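Worksheet: one structure, shown below.
As written, the chain order gives the labels A, B, C, D and E, with residue 1 at the start of each chain.
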């Protein structure tokens, strides 16, 4: 029964609905963007009504929220955290630093485009994006999940070689354990 | 008939004089002769003891003078058991010290002569029925003991010997005073005679005599506070001599004291006095022993304590109590001798004989250490070794006499005893050997002697019936004063054969 | 020749032969050792029946050896644990020195325990008691110089107890002229009042030492943890039960006849409860598994003592049941610690971690034993604790219940510490090469852990013999009376109502086991414990992130006011004071001849002065 | 046979009820917390969504067998304690497996789950898990004291160790035990604060310090099982309280009302509180709650 | 305040010969001293004068003078005075005495300077890489290090920012300010 195509569809719809409305966020507070998370979560903007909720560890989280520039050193940790998360998982790039380097575009140790190194499902533009933008970013992610298009993790797996090459280019001493997904 | 009790005195005395003569002919004979003599005496004692158990006391008149005028030897079950014990111990100590001073002929000669004198004197104290004769034997024993104490010509041994001599002469003085008192009152020196006439004495004189006897014999029997000489003497004398002190000499002293109190005079309060003084001795000596740093001193104090225990058991005064006292006496003779004998090998090569120099000897001297542990267990009174029975019988005797406080005191003091013995045993087995100590392997004859003692401990421990029959008779014999008097004073029949 | 003689000669002969065989060949020694225990166990259970007895006498003291149903309960513990421990120790002690000595004393202590159970008279009881003491003492000090202190403590306290017992025995003997325990039991009601009070106190001192009752417990943690683990399982599991054995006799035959026994019972019961609480708290504070288990033994014995002291049939039953269970689970746990010690060389929680995948069987048996220890159903410990609570509530010991329950709840803390410290946590490179212990060590543990499960589900197997034994002591049969109170058990404890419950547990358990374990195992991949979510960092190989230092620090801070004062320090102070006093008295022997001469003269003078009062 | 069917049916129904009610309560907790904090808050069914999502997450790794067993242990515990606690007064659809002595049984079985979970948490090797576990066990040693005192007070007052007997007492007399034994109720409710582990006693999870403590390595299905077990367990505990102190319930609606009323206590207390340190928490339980427990015992013993 | 500053200068100048002092407004005093004397003067400041708080160690890259200037800033809780100790080391072969035995926290600053400027501190205890993980280029805080070129070469750049410029240039363009000489010289 479960292998039936139609019922699989129903299961998918339910699951997607659940995933859409229950977003547990691991906020990787790298740059100044971390300061935008508390107002988003607390009573002024109250992201919890969308089902968005903080998660304590990557094992429990659905969404990895990268809130700002990433130095090579931080990137290493972010990749580790991302790979420790369980499927299905999504990445939200937050702020212009993650998109094109922002004001750190010429820094000697800051990456300039997050999606070269990790699959990003949604970018939230701005420097800083205000909590409204953040909420709209979550809403966009929900839309994508509902449509089944938030498949960053799948892409990552498929194009792992390419991602690894890019990652290894900026992280020369690559000694990370083989991770899991 | 192997012989008569007089041989117990005559043969060893003769042998003691023969030793130097024979030594001129054949050097080895000075070692062999005492053994042969002691072996003969042992056989004689055992035979006589068996006989006495069936037929009753043997009284031997010396030089044809009938009691109460002449000197007589009494081989009753009580004296017989003690004499046998002493001779047995003497024999075992002879085995142990056969190779003693192996190279030095003169020294060995002296040692064996003195040792023979010691045994003779002690056996004489036990067997004699005449109070002055007993005094003479006490002197013989004491003098040889002084000499043996100073056997190693060290400063310390000389000092110990001198102390012993000084206190010993005090003892002699008081004994003589007491004897004079008795003779002046009763005109007799025969014990049985004195016993039968004791009621004729004026009470003040009687008490005075008892007090002098207690002091004089108490010094020999090592009661507190008259035992100051003992720790030094034990500690400074050679190992086998220490064993002989514990196994032979003290026993003679205790015998003399007990004989005076139980048979000679019927003074009230002596039993209680024995208990009190025994307890004091026990407690003070055990307390003194726990902080001792030298092995032999510790053993010496423990020995004093044990003798206190024996006195307490005698002081109970019932047949059970005396039985228990004899049991304790035997256990102490065997156990403490074993401790002295094996202990002297454990600290053989150390100058100061410190306890911590026995560390780790269990690995190098397995048999000696094992026997030391066995002796310690026996002396402490751990079942199933011989000491337990002595203690148990003593306790039950005391309980029957309703002396629960005494039991409680003795038991709490036993705890102290346990602590210091087990400390030593632990050191022997589980500590690391001190690097400067070179263990000395015991010679074959020493091993034989010690193993014999160990086997006796085990045998008595597992099957106390081997001796308890004799001891029961012995204790009855001690208590039955009338029979003693009658036996001694009516020896006309015995003269005939 | 009577079978009882044969049994004892077999065991003694075996002990001596084992000792001698050590010089000949190691294999022969091991075989003799195991064979002795096996043969005597078989002999005991096949040829010797309840009620058999032999009479003989030593030096006019009539003695009697025999076995009754009450002793048989404890023989289960002694011989059962003995057989298991013998197999275990053959493997555990391999390669150590002085094995002849060890096996000899091991056998002697087993013999003496059997002897205690089979003594019908006080003298042989005492003899075997002391043999048990010194043989176990010799094993306690087996491990070398650093354990001598615990050995001395042990022997000192044991001797204190033994002498108290000796005192009581001679008191009984003096009063009844008989040494038979049976006679003592019958005569006790007619003893004078002073005897009635003192005898139980003296006996309880003796048994309390072995059962590690509160003020007398100070030897136990050190002695348990310092002896070789192969023996500690017997030491803590069986030998301490001899104290319980005696205590029950005392309570049944003596305390019942006291003019007013309430205060007596209450005192002992509270001592037991305090023992349980303090033992638990100290167990929580330990960082060494051996010490932890040793304190835990003290605590568990506290429950048993409370049960014995309360003394209702149900409480007695629970105490006896807990004794059997404690022997099983503590035996298992000590064996597990021994296995870990053997394989890794240490028993410290902060050194060994993550052994679960290396020593799975050890883990499983310790897990079962721990569950039983914590008293969680359906394992054996629960049934015992349940009966204990029921009996305490029924006999109106309200505060006592709370105390016991507190101890029992806090026990989870150290239970978890034990499992976590050794088996869980980060897997370390240092212990990568660790293998499972040899089969001879694992099998006894597994067998005992399985028995715990069996006895927990079918407690009737153990309760039947216990009931028989209690009838010997004069209790009416408990079958069917209080069992029917509870749906948990039917008449004989082999549950009716429990069955659906057990099946429900088993069913759901199995369901989730299948759902999560089997399915999950197929789907999931094992990752090392270095792969943890620690803020994106990967712990390096040499970094050990296991949390093992100061494990229950906050809890201990909360209870520290209770634990601040240690019994041991009082004893130490007393001991030092006594020794100083003795040292002062020792100066009586000044070593000066003149002084001695003065003593003699003073003595004479005193005697002369007081001659009338002394010899008047 | 028919009986067994009833049992099975009752067990399934109770499980479903407990699961749904428990999850709803947790959702309501979030909602109410949000309202107190002047937020709109998630919908009341948010936790259902969370649970479904967690169950749909993939679990691709494990740290060992115990990690699988840990959630299983806690689930088994929840189900067994639910089976033992009577859900309704004398309803034949919920003939729970109660028996004489089930209170003691419950006391022990209820700690089995946390212990199992602790084992699972221990195997993951995350130090935070172990720290959380030690805190949880310490706290348990704290709140078990007033809790047991309250139960013992009831046990001695009514000479029974059975929950059904206590319920019958209340039905017969028409008085709830929370009124006739107010101190016991107080002590038990204070202990309940610790049992639910809401603030100020949320020292186990403590997401800010310990990254959710014992759960920190468990995502997806592990967390799903833990959450559902937790909600079942919460409902079971609330039902137990209702049974003991509030006279049980005649039908499910009354039960839900009563349990919710009880549930408000730890919830509201938690919303308005910060967090204790471990030893503060332990000592808190040994303070007033134990004092009330003592009063309860005195009341039961003397009157 | 002034007296205290004077006293400090007095003390230092009498005790150390090759030192020049400079008094600033507020609670600041500067000393210039050769690099060999640095441990001595720091020890002296700490032990004899009670300047037991090391606030900072800074480094200035004097590219034109081919020297690094290292500034130790110490603070006294009793005098309430900041003392700046300046010294200069050769830029080609920058070796400096390590002072972390005087203040343990100096270790942190020194490790940072080592990574960022490439200054060697003798006997510095620096077990791992500190701020720069996996760094392969030249010390990045040196002024002759071209960060933009490095970044363009190493990190992939999203198209559309090719015309991005140095922020200083933008400022100059907007304000018409003249760049200082050295900035002109090393302008890209």
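Please note the rule applied: contacts are C-beta pairs under 8 Å (C-beta built on N, C-alpha and C of every residue); 3 or more make two chains touch, one makes a residue touch a chain.
Only a predicted model underlies this, so the values are computations on that prediction, with no experimental measurement involved.
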item: Contact-linked chain groups that survive once chain B is dropped from view; value: one piece
item: Chains in simultaneous contact with chain B and chain C; value: none
item: Neighbouring chains shared between chain D and chain E, ordered by label; value: A
item: Chain whose mean Cα position lies farthest from chain A; value: B
item: Chain pair, most C-beta pairs within the contact cut-off; value: C-D
item: Chain whose mean Cα position lies farthest from chain D; value: B
item: Whole-Å gap between the CA centroids of chain B and chain E; value: 94
item: Length of the line joining the C-alpha centres of chain C and chain D, rounded to whole Å; value: 36
item: Mean-CA-position distance for chain C and chain A (Å); value: 59
item: For chain C, residues contacting two or more additional chains; value: 525, 527-528, 530-531, 533
item: For chain D, residues that touch 2 or more chains besides their own; value: 59-61, 211, 216-217
item: Overlap residues in chain B, where contacts from two or more other chains coincide; value: none
item: Pairwise chain contacts under the document criterion; value: A-C, A-D, A-E, B-C, C-D
item: Touch list for chain C against partner chain D, complex; value: 354, 356-357, 367, 371, 374-377, 382, 385-386, 389-390, 393, 396, 398-399, 401-402, 405-406, 409-410, 412-413, 415-416, 419-420, 423-427, 485-488, 497, 500-501, 504-505, 508-509, 512-513, 515-517, 520-521, 523-534, 545-547, 551-552, 554-555, 557-559
item: In the complex with chain C, residue positions of chain D that touch it; value: 4, 7, 11, 59-66, 68-69, 71-72, 75-76, 79-80, 83-84, 97-101, 104-105, 107-109, 111-112, 115, 118-119, 122-127, 130-131, 133-135, 137-138, 140-142, 144-145, 148-149, 152-153, 155-156, 161, 211, 216-217, 221-222, 225, 277-279, 282-283, 286, 293, 297, 300-301
item: Chain B contact footprint on chain C (complex, rising order); value: 58-60, 123, 126-128, 130-131, 133-134, 137, 141, 144-145, 147-148, 151-152, 155-156, 159-160, 163-164, 166-167, 170-171, 173-174, 579, 581-583, 585-586, 588-591, 593, 595-597, 599-604, 607-608, 611-612, 614-616
item: Contact set on chain A toward chain D in their complex; value: 14-15, 17-19, 21-22, 24, 42-43, 46, 48-49, 51, 53-54, 56-62, 85-88, 180-181
item: For the chain E and chain A complex, residues of the former touching the latter; value: 132-137, 140, 145, 147-148, 150-152, 154-158, 160-161, 164, 166
